[in-house]
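What follows is one structure encoded as structure tokens, with my remarks underneath.
Chain IDs A, B, C and D follow the sequence of writing; residue 1 opens each chain.
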């Protein structure tokens, strides 16, 4: 059984605020294009090392990077500066909980200077995992989102419902379990968790239903890399659909490895 | 003085849910790449007609499209099918309020069938504006986000704060003003509004500060196209920074055109 | 009848050679990615103004830009600097022949300094057309390339055949007709021409068949913008396929407008 | 000393010709965008396995793929179908010479049907290398292209000169050495060679100077993967610049490993 030890990387665009208004405010669609292309590229770059990246605030993205060492991080950083007019700084850390990891990853960057310090560029700080730790990924999905929401309410109200469910889940998972939850589009949320068992997920789903009125199901995966854990989570989620269950943990999970 | 009459287009990926799991669940980073590239392309395509598009749920995106007729919509739809493995359906409508417009735009699509009906593809339904109506865009921004949040808290907590502020604003603007608000990255939110005056924005900022503890400023623009209204809003926001004010309405606005 | 007066823009990446080896030689696939993405973006940006751009040498691209004024050129230049780690300089000129236009467009840039002068960046020089001139576009295509080449020879030899045909056409059209010819992929070549009639295209096709052994057909279009002329050329090419002819000139052409 | 054994993959867009004119001819800039984005993505996908891909005819691309097995090829093929409205077929083969390899790779695809057979899609055929073979990559570059050409002649004539030099090199290297040469932009050509020594490169450079009047230099690399061999070639080319030589072979090469 492998211990869960999440490695988190904070990806921060260097001095981005000033860039968006220099020499005068840039057109918003151009900024949106830049941000979403950068995110698309980072998704691929990190995925080639079996990691996951979440868009978060777009100027600050949070990634799960177990298995990516400093040289790998440097290559990702170089790829950005070779393709974009902006650069990124990276803070890396590991922790027994995702919250601990993101805390230290952030602190590593903050110690190097302000996000809007024009001199602080392309920082790479932190200590990637030496020994192998595993990652737990939970993929949440709204039940019957299409028939209950998308085909019924106006598109903004659907979004508002999904957003409420997401916010309720985000707060709960962070406060109760030191977990990081991210909306990934559609009716899906991914939580980066550590060592949670079936009853914990059941309780989370109950909480969201009570506070936001949204019914969720969840597939959970656990593996050495975010990519594999995430794929196991998706396969578990498909089993929820087949079996009509609301929590399924990946095969290796049921063997109690979390 | 031009009447405010918002044209909204709902952009919905056809039958996307089934596609994401056929023949087996696709790797999440590949879906993220697809979604964010599609959004980046739509940002450019819609911007070339001076419109704005918001990523919303990524599989369902809401756009402000004043000035884009059905032929323009068809070209955007064709561009997607010529570049992507998925297609999109478009519902278009106008309304005195953005809420009314999105409601009707959604209804136009829903009338054509379910979002997950494999036969319902590349729908284009609705009535773009004939006469010219204007758009009001409000660009909200958190005060001193860098020094108060980004450089101080861990990156996830920063995100949580921003998300709370956003959710408070979203709910308030929709309930009080039939307005549609979208997080666009960083510490920024754009609201698509109609005919709101300075006191209305002041009250919204007060509300967010009271309920979520986040201090905002806002620049407001009003013009025939979302692109121009949005740029006027950004310039007004810069004036907030220069003057230390928290609400600035674009030049044409102060002339009472809203 | 509108006079043919081609407007050409030379798009040159600023100081690109040094960038490719600074601080040490960049990985070639990364340069290829940069170059082809930049070309893809320029294709879209120029197409939104109904122009055509050809990849040419990738670091120096030639575009047909009738109808795009200096402000339009500036927007394209800004878009590049907002999306890429490199910038571009633009030289613009018009001429009775495409050769004359590209000559002057190049001279405009050269007058501003060397392509590898680190101080010479984001130049924009030249005089876009005031009055309206028209463009003639010829779209050449190899007969039965699939059955004769692609399905028969090894892929490199197919390429060699196509390349020979292209080189023969390029030289002939430039020397005989001051025309600019560009390989655009597959078995297709586009020539930017001026005032050429059917016998001239017949002779060109004969020449390529004699010197390189490649059989071509061609569709020709003529219009105020490269986009429309190019589309007319493609439609004319389809008529070659339907009628089994080897030269077809667009409807407006047959009216003798070239 | 590792034997040189080049693995080549032919990447062919399935049934592309009919797609470009269905239901009516697509706008050429949209096809250019599709082709160059697909090439950019393939560059990255193949590079993540340390391979090189060349755009060739865009609808048929030739890649050097030593070290990529069938599963790796399948992943690349899947990535394309998950991102694009077209699919690709792949033929793979190895050979003592690059010519032999491309011949067999092509034959593998041709045996599965015509490039324009609508039923023949996403073929993957061939036998990737089991034992390890090495690759030789030669990176050619024109001397003083900037001062002699780019800053002096019109942009199309520069291109014509470069193209002549390229064509001369392509023919010579194929006929004399069964090597595959590709223009990669600017003034650069990459040849995929096998076991060539310094005098062979000297003779090639002489030939191009005599027949096309273009002066070249070349850096040569040899390694187990195209990526590493190509990087060694680039570094060797930099040594040409430093030492004023015209042929430099990578460190390992001088040790006689070719």
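Everything below uses one rule, namely that a contact is a pair of C-beta atoms (placed from the backbone, for glycine too) under 8 Å apart; a residue touches a chain by one contact, two chains touch by 3 or more.
Keep in mind that this is a model prediction, so the values were computed, not measured.
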Least step count from chain A to chain D, where 1 means the two chains touch
2
Quick one: point me to the chain whose Cα centre is farthest from that of chain B.
D
Determine the centre-to-centre distance between chain A and chain B, using the mean Cα coordinates as centres, and give it in whole Å.
23
In whole angstrom, what separates the CA-based centres of chain B and chain D?
44
Residues of chain A touching at least two other chains:
30, 33, 37, 44
Interchain pairs in contact, sorted by label:
A-B, A-C, B-D, C-D
Counting only contacts in the complex, chain B reaches chain A at residues 10, 12, 16-17, 20-21, 25, 27-33, 35-37, 39-40, 43-44, 46-47, 52-53, 55-60, 62, 99, 102-103, 105-107, 110, 114-116, 139, 146-147, 150-156, 158-160, 162-164, 167, 170-171, 174, 180, 184-187, 190, 227, 230-231, 234-235, 237-238
Which part of chain D faces chain B closely enough to touch in the complex?
26, 30, 33-34, 37, 79, 81-85
